[in-house]
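Shared chain: chain A. Partners: chain B in the first complex, chain C in the second.
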Partner chain A sequence: MAELRQRTLDVLGKNQKWLLDEWNRDLSGSGVGNDNRIGKDELGQQTAEFLDLMIRGATQGGGTGIGTAAWGDVRAFLEALSRSRALQGFDSLQTANFIFSIKRPLFALLQRELGDEPALLAEQLWAISEILDSLGMHTVNSFQKSREDVIRRQQEELLELSTPVIKLWDGVLALPMIGTLDSQRTQVVMESLLQRIVETGAEIAIIDITGVPTVDTLVAQHLLKTVTAIRLMGADCIISGVRPQIAQTIVHLGLDLQGIVTKANLADALAMALRRNGLSVVKG
Partner chain B sequence: MDRIPILRMGEFLLVTIQVDMHDQLALALQDDLSERISKTAARGVLIDISALDMVDSFIGRMIGTISAQSRIMDAHTVVVGMQPEVAITLVELGLTLPGVSTALDVERGMKLLRQRVASE
Partner chain C sequence: MNVRTHGSMPVRREQDVVLARQAVRKLAVDCGMRLVDQTKMVTAASELARNTVVYGGGGDMDWELLEDGARTGLRLVFRDEGPGIADTALAMTDGWTSGSGLGLGLTGARRLVSEFELDSAPGKGTRVSITRWT
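Showing the complex of A and B:
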C-alpha cells in the first residue's frame, strides 16, 4: 500500500478550511442537504468532523490500512453516519457519495500543491484514493447492515403485531389472524394462544381467518395442528371468518376439516361460544 | 422402584403425575391403573399432567393406551392440565390422541367426568 508522505499531510492540515468549504459546496450542489431530511448545519458539522478525523487518522496511521486502530474513530464515525442515513431513508448511493464527493477538492488541492513533483503526486493520489475507497466501502457496508437491522426488527414487530390474543368474553378468547400463515407464524400464534388459555382458563378459543388471503393445504395443516393442540389442553376451538372462496378452495383441495367447528363470521362464533357457556343475549 | 400414586375419590380414580415420567414408570402406572379400575369398579379416571413439562412419543402413546384400556373396562378417562409446550410437542409428533377427553384443570375435569357418567 502506498504511504502518505509528511508533505501531503502538511498540505492537508494547512488547507483543511479550504477543503471543507469546497467539499460543502460540492455536496450542496449534488443535492444532499437540500431537502428537509438533513439540515445544512448538520451536514456541515458532519463534513468538518469527518475531515478532522480523517486527517488525524492519516497522521497516526500513515499508510496502514483503515482496519487498524488509528482509523478506529473514523470507522466509528462512518458507522454512526450510515446508521442515521439509513434511518432517514437515504439510499446507499447518496450515503456513499458523502465520502466520494471529497475526492474532487482533495485531488485539486494535491495537484496544486504537489504539481512540481509529478511522480510524488501520482503516488499520493493513489494512496488517498485507496484510503477514500475503502472508507466508502466501509460506509456502504455499515449502511447495508443498519438497513438489514431495520428490516429484521420490523419483521419481528410485524410478527408480534399480527398475533394479538383478545379476550372477547369471560372464558372466550379470540385470535384474529391477518396475513399469510407460514410455519413460523403458526408457531408463534399457537404458543401465544395456548399460553393465554393457560393464564385465563378460557374454555373456548376462536380463530378468525378473515384476514388470511388464501388457504392451501399447508395453511390448513397448520390450522389443524393449532386446533388439535388446543383440544389436547382441554379447550374448544372454533374457526370463523371462512369466506366463500376459501370454503370453495378447501372443498376443491379435498381437505378434511372434520372435527373442527367452522363459522362464517366472528359474530356467529361468539354467539355459539356464549350458548355453550350457557349465556344468552337479551334485548334490554 | 417408585410408583405413581392412584387416589380414589368416590367412584373416580385420581392420578397426579408430579415426577418426570420415564418409560418404566409409565408401564407400571398402566398396570396399576387397570388393576385398580377392576378392583374398585371405578367409573372414571382423571389424569393430571399439569406438572409434566416434557413428553416423548412413548409417554404420549401411553396416555392414549391408558384411555383406551379404561374405556374397555367401562371407565371414562379425562386428561387435565396439559401444558402448552406438551400440547405442541404431541401435535408435532403427530400424536393427536383421538378419543381422549381433555379439560383445562382438575375442577373442570371432574365436572366433565360427572357429566359423562350421568349421561350413561
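Showing the complex of A and C:
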C-alpha cells in the first residue's frame, strides 16, 4: 500500500475547510441533503466529523491499511453511519456514496497543490484512492450487517404480530392462525395462547385456521397438541375455519379429530362459545 | 397420453416443502382442478415432500401436466437417494411411523390421489409417484 507523504498531509490539513465546503456543495447538488430522511445540518455534521477523523487517521496510520488502531475512530464512525442509514431506509449504494463523493474535491485539491511533481501526484492519488476504497468497502460491509439485523428484527416482530390472541368475549379467546404452520412459529403461537389463557382465565379458546392454506399431518399434529395442552389447563377448545375442502382432505388423510369441536367459520364458533357460557345473541 | 409440460424442483430443506406446495397449487390450477382437488393434491404433495426432506435426506420433485383425451392430469414424482424403506408394506400401514409423526403421510397421500406408486429399497433411495386427474 502506497503511503501518504507528509506533503500531502500538510495540504489536507491546510485545506480542510475548502474540502469540506466543496464536498458539502457536491452532496447537496446531488440532492442528498434535500432528502427528508436526513437534514442538511445532520449531513453537514457528518461530513465535518468524517473529514476530521480521516485526516487524523491518515496522519497517524501511515501506509498500513485501515485495519489498524489509528483508523479505529474512522471505522467506528462509518459503522454508526451505516447503521443509521440502514434504519432510515437508504440502500448500500447511497450509503457508500457518502465516502466516494469526497473523491472529486480531494483529487482536484491534490492536482492543484502537487501538480508540479507529476510522479508524486500520481502516487498520492493512488494512495488516497486506496484508502477511500477500503473505507467505502468497510461502509458497505457494515451496512449489509446492519440491514440484516434490521430485517431479522422485523421478521421477529412479524412472527409475533401475525399470531395475535384476541379476547372476543369474557372468557372467550380467539387465535387466528395465518400462513404456514412451520414448527418454530407454531411453538410461538402455542406458548402465547397458553400464556393468555392463564392471564385471562379464559374458559374457551377458538383456534381459527381460515388463514392456513394446507392442513397436512404435521399441521394437524401441532393442532392436536395445542388442543390437548389447552384442555389440560381446564379450558375448552374449538377449531374454526374448517372449510369444506379442508374437511374432505382431513377425512381422506385419515386424521382423527374426534372429540374436537370444529366449525366452518369464526362466527359459528363464537355463537357456540357464547351458548356454552349461557349467553345468546338476539336482535334488539 | 401426452405430456403438455414438465419440470423439476429441489426438495432439500424445510422451506422447500413450502415452495413445493405453492408450485403444486399453481400447477393444479393450470391443470383445471376444482378447489377440493387442488387441496387434495397440495396436501398429498406436502406429505411426500416432507418425507423426502425428513427421511430421504432431501431430493427432488418432478412434475408433469398430462393430457389424455378430454381429461387432464398432474403427476408428481418425489425421489431421493436416502436410506430407502426396508418394509414398504409396514410403511404403508395407517399409523406406523419410525419417527414421531402420525404415520399417516404415505397412506393419507394414497387416499388423496387417483394413482399412487411407491418404489423403495434399502440403499436404493425412495421414489413416490402420484397422479390426479380432473
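In the analysis below, the second predicted complex is superposed on the first by the 201 of 284 C-alpha atoms of A that agree within 3 Å, B and C clash if a C-alpha of one lies under 4 Å from a C-alpha of the other, contacts with A are read in each partner's own complex, and residues count from 1 in each chain.
The rule we apply is simple: contacts are C-beta pairs under 8 Å (C-beta built on N, C-alpha and C of every residue); 3 or more make two chains touch, one makes a residue touch a chain.
Computed from a predicted structure; not experimentally measured.
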| item | value |
| --- | --- |
| Which superposed partner A:Asp216 touches (first chain B, second chain C, both, neither) | second |
| Partner chain(s) touched by A:Glu203 [first = chain B, second = chain C, both, neither] | first |
| Which of chain B and chain C A:Leu19 touches, first, second, both or neither | neither |
| Which of chain B and chain C A:Leu253 touches, first, second, both or neither | second |
| First, second, both or neither for A:Lys225, with chain B first and chain C second | first |
| Touched partner set for A:Gln245, first chain B, second chain C, both or neither | second |
| List of chain C residues in touch with chain A within their complex | 14, 18, 21, 25, 35-36, 38-40, 42-43, 46-47, 50, 94, 101-102, 104-105, 107-108, 111-112 |
| Interface residues, chain B side, partner chain A - complex | 79-84, 86-88, 90-92, 96-97, 102-105, 108-109 |
| Chain A residues touching chain B - in the complex, by the definition given at the top | 187, 190-191, 194-195, 197-198, 201, 203, 225, 228-235 |
| Of all residues in chain A, those that touch chain C in their complex | 180, 182, 213-218, 220-221, 244-246, 248-249, 252-255 |
